[in-house]
């Protein structure tokens, strides 16, 4: 891996590039929030960021630690009650891109954020679905950001919290969903997109310094590569500067690393 | 009839007396609005007036000409969207007393404000139900204000817009309604209340100068009188002064008689 | 995404013959100027949707723009009847007008369902009312938990929603305040949304973080029309012209007088 | 009708063992002081309802007040796990904790239905999610117009809702502003409502006619508790104590350290 930036920075930068000024994004805390705000501060100044706490078209100067930080409300075009956010704005079909994280992700981009182990007596009780089950169905499409390890990209989920492409193929359509579902997964190693036909996640781009074998080793299923897999362009100086400034402001504001 | 006040003033004053400081009233335009504001300005200063335009706990200085006058919003504790008004505040069961007018009213206090004649080819197309059908079912009880003529208090409605006591007896309960329904009808001649058992409207009080025969003549069914029918106390000087001041301010504000 | 265009263009590019059009505003912010532009453009066979058909719908109906009305209360508030509406229903003039009649609660819930992307709204409504018998679009739904039977109305999904608001910014974000009615719901329920505003400003200057603001991507066309809600009112800009509401009773009572009024005050006069 | 009383009395007269209690606040305005008072009063067997069980529910669960949790996301936002919640679910400490688990959309809709007097809410939700299999209180309802199948959740109707707000006036009318979450819905859905406020003022001074104001007759008890939302925040009064949220990760990881913290900072300290 080339020096000068971390895999995590590469992941956030790659995700940010998939966004445009026309997008209305439903943003989660952490890497999704970093990617969306990086896009807003670089190539997509018109992007509209929506957080489930009710803030619409918010322009935070620092990254929120929680989904309901005061900074989000203070810099928003408007703030609505949470019931309205889920009824009118998410369910109403107003969001172009939903950003999701994942504790576990399978080859069809189904997501588990509920439990590791059995539901009734879990080994690890995870936080749960939050907004994700409906973000996954109501947004025009969804992007997933995840660390690329075999514990995250697993062969079989312990629990399907948020439906991606189900068992693949036309499974979404069979359930009556008219939205596109997960169209991009960005990890710290590569970018994956669902195959047009089977909907199985396929590596379409490797980050700088990553070999196919690195990805195979870090993936819990025999991962496929697209023909002519590309090389993700490294972060530009501008992207890195803006991202690091954002993180620096955030650390100062929150009194510790975010 | 004694001089010094009009039958219409008697009607509004009698209705206002039925309200208390603990009430939360869903108020319609016209006589109901006059009665509610008269109560607020005399014996019931704590009463909370709610208009379907979304204004809650409003204290207008002049009577509104329309349900959405700016005066209602400017003097309200808060103003909510109309969908919320009907969902949370009316349907949510927060209103103690709903005030209704009527183009036609029958002996069980069912109300028609839709058509005279047939629905498909009416003789007179009336404005319609507006908020009344649900005011009639969702408020803890309702009061009706109407001019006492045989064309208003009719033997048979042309159309049931808002359900009162239906066919009488336990008809409300049979339809699953848990609210009390119409508990008082105030006209310019008298006050009527439903019989405890049959729910038929029964004259309980005659306004000053009104004989039982006057009421019988003005009612489209053989109207019953309660044993020991009372005499409605005439408006006090204070009531008349406050009511007339209210109307005078209203005329000035609206550039004509309201 | 909102574009800021002249009123003529805003209506011409969004409203076609046969469309279902919801012009909302609850006493406050009624989009009269936009309604007049529809009359000038000679639209026909519209289905007009509105909780409280006010003078603006009386004018559209009398001018022959509408073949159907979806509504819950059709009067001249505090004055009396809408004579053009009555003439259409009672005497088919200038043509027959089909009615789909609801209660306020049902209309508000139907807009709510449209905004919320649901096919229907459940409500505790219409109990014992004959409206159920004359409107086939009132159905029942059973609560899967309690077994209770509730009323259900289908979502309103107009082709176009048209509203008036205080102001927009240069990106087309719109602010309304005061009595806000069902305008947000109408805009979000519709396929296309047109907003006339008193003015375009650099900064919406929302008085609180919770005012009603419609983001630019929820609106298609914004047109600057100062006084666009007259004779209704725009809080912070001008008062309701109650005298005109009273005068309308006479103007509208007579077909010829109405037609002359439209010719003089609507067809001849572009804003 | 609201009465203004001390916090101790507000909780003692509204919260009983076995009650269903919803303490809401979405990052902002979380009613910590009221939660601590519940711990001090030793309530038991509570069903705790909250979209985002935050530190306040971690504390109530660890202190043994709860036997059931109705929720949709249970973490320490931006930090990690709620260790007391996990310990209860994973190891039954200090006792077993039954879970009723939803998505945010479903919880918000369930509060909406409770506030709206409906027995259930329909939503486009849970499609393909295993949550349907582990929560029997997620059902289906069919649209009577389109035949579409939708998810349905039962209305939330807590015995008590507890929220924190910026201020109340002397009549007990309450104002909240900023991120307002589902607090209005929780209050209107509940049989009883308690509000802690930063201060009592002569005039609520709502910044716009459309701020969220709860009229006095929608509230039962108002208690003045300056700082009552700490370590969360109250917009216009104080910021979120992010350092405490981080510190909680260590405090709560260990049962003894947690218990000592509660003894020192909650049980010993009345506001």
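Should a chain be cited, it is by its letter among A, B, C and D, assigned in written order, with residues numbered from 1 in that chain.
Note that contacts are C-beta pairs under 8 Å (C-beta built on N, C-alpha and C of every residue); 3 or more make two chains touch, one makes a residue touch a chain.
Everything numeric in this text was worked out from a predicted model, so none of it was measured.
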Intersection of contact partners for chain B and chain C: D
Chain pair with more C-beta contacts, A-D versus B-D: A-D
Averaged-CA centre spacing for the pair chain C and chain A, given as whole angstrom: 40
Centre-to-centre distance between chain D and chain A (centres being mean Cα positions), rounded to whole Å: 28
Whole-Å gap between the CA centroids of chain A and chain B: 57
Touching two or more other chains - residue numbers and ranges from chain D: 112, 117-118, 123-124, 148, 178, 180, 184-185, 206, 209-212
Contacts with two or more other chains, residues of chain A listed in rising order: 73, 79, 87, 91, 138
Pairs of chains in contact (touch as defined earlier), listed by label: A-C, A-D, B-C, B-D, C-D
Chain C to chain D touching residues, read off their complex: 117-120, 122-124, 137, 139-146, 148, 150, 152, 154, 177-178, 180, 206-212
For the chain A and chain D complex, residues of the former touching the latter: 29-30, 52-55, 64-70, 72-73, 79, 81-83, 85-87, 90-91, 110, 114, 119, 121-125, 127-134, 137-138, 159-163, 166, 171-172, 175-177, 254-256, 258
Contacting residues of chain D [partner chain B, same complex]: 1, 112, 115-118, 173, 184-185, 188, 204, 206, 209-213, 215, 217-218
Sites on chain D touched by chain A in the complex: 26-28, 51-52, 71-75, 77-79, 81-82, 85-86, 89-90, 101-105, 108-109, 111-112, 123-131, 134, 148-149, 178-182, 184-185, 212, 233, 235, 239-240, 242-243, 245-246
Residues on chain A engaged by chain C in the complex (per definition of touch): 22, 24, 48, 56-57, 73-74, 76-80, 87-88, 91-94, 138
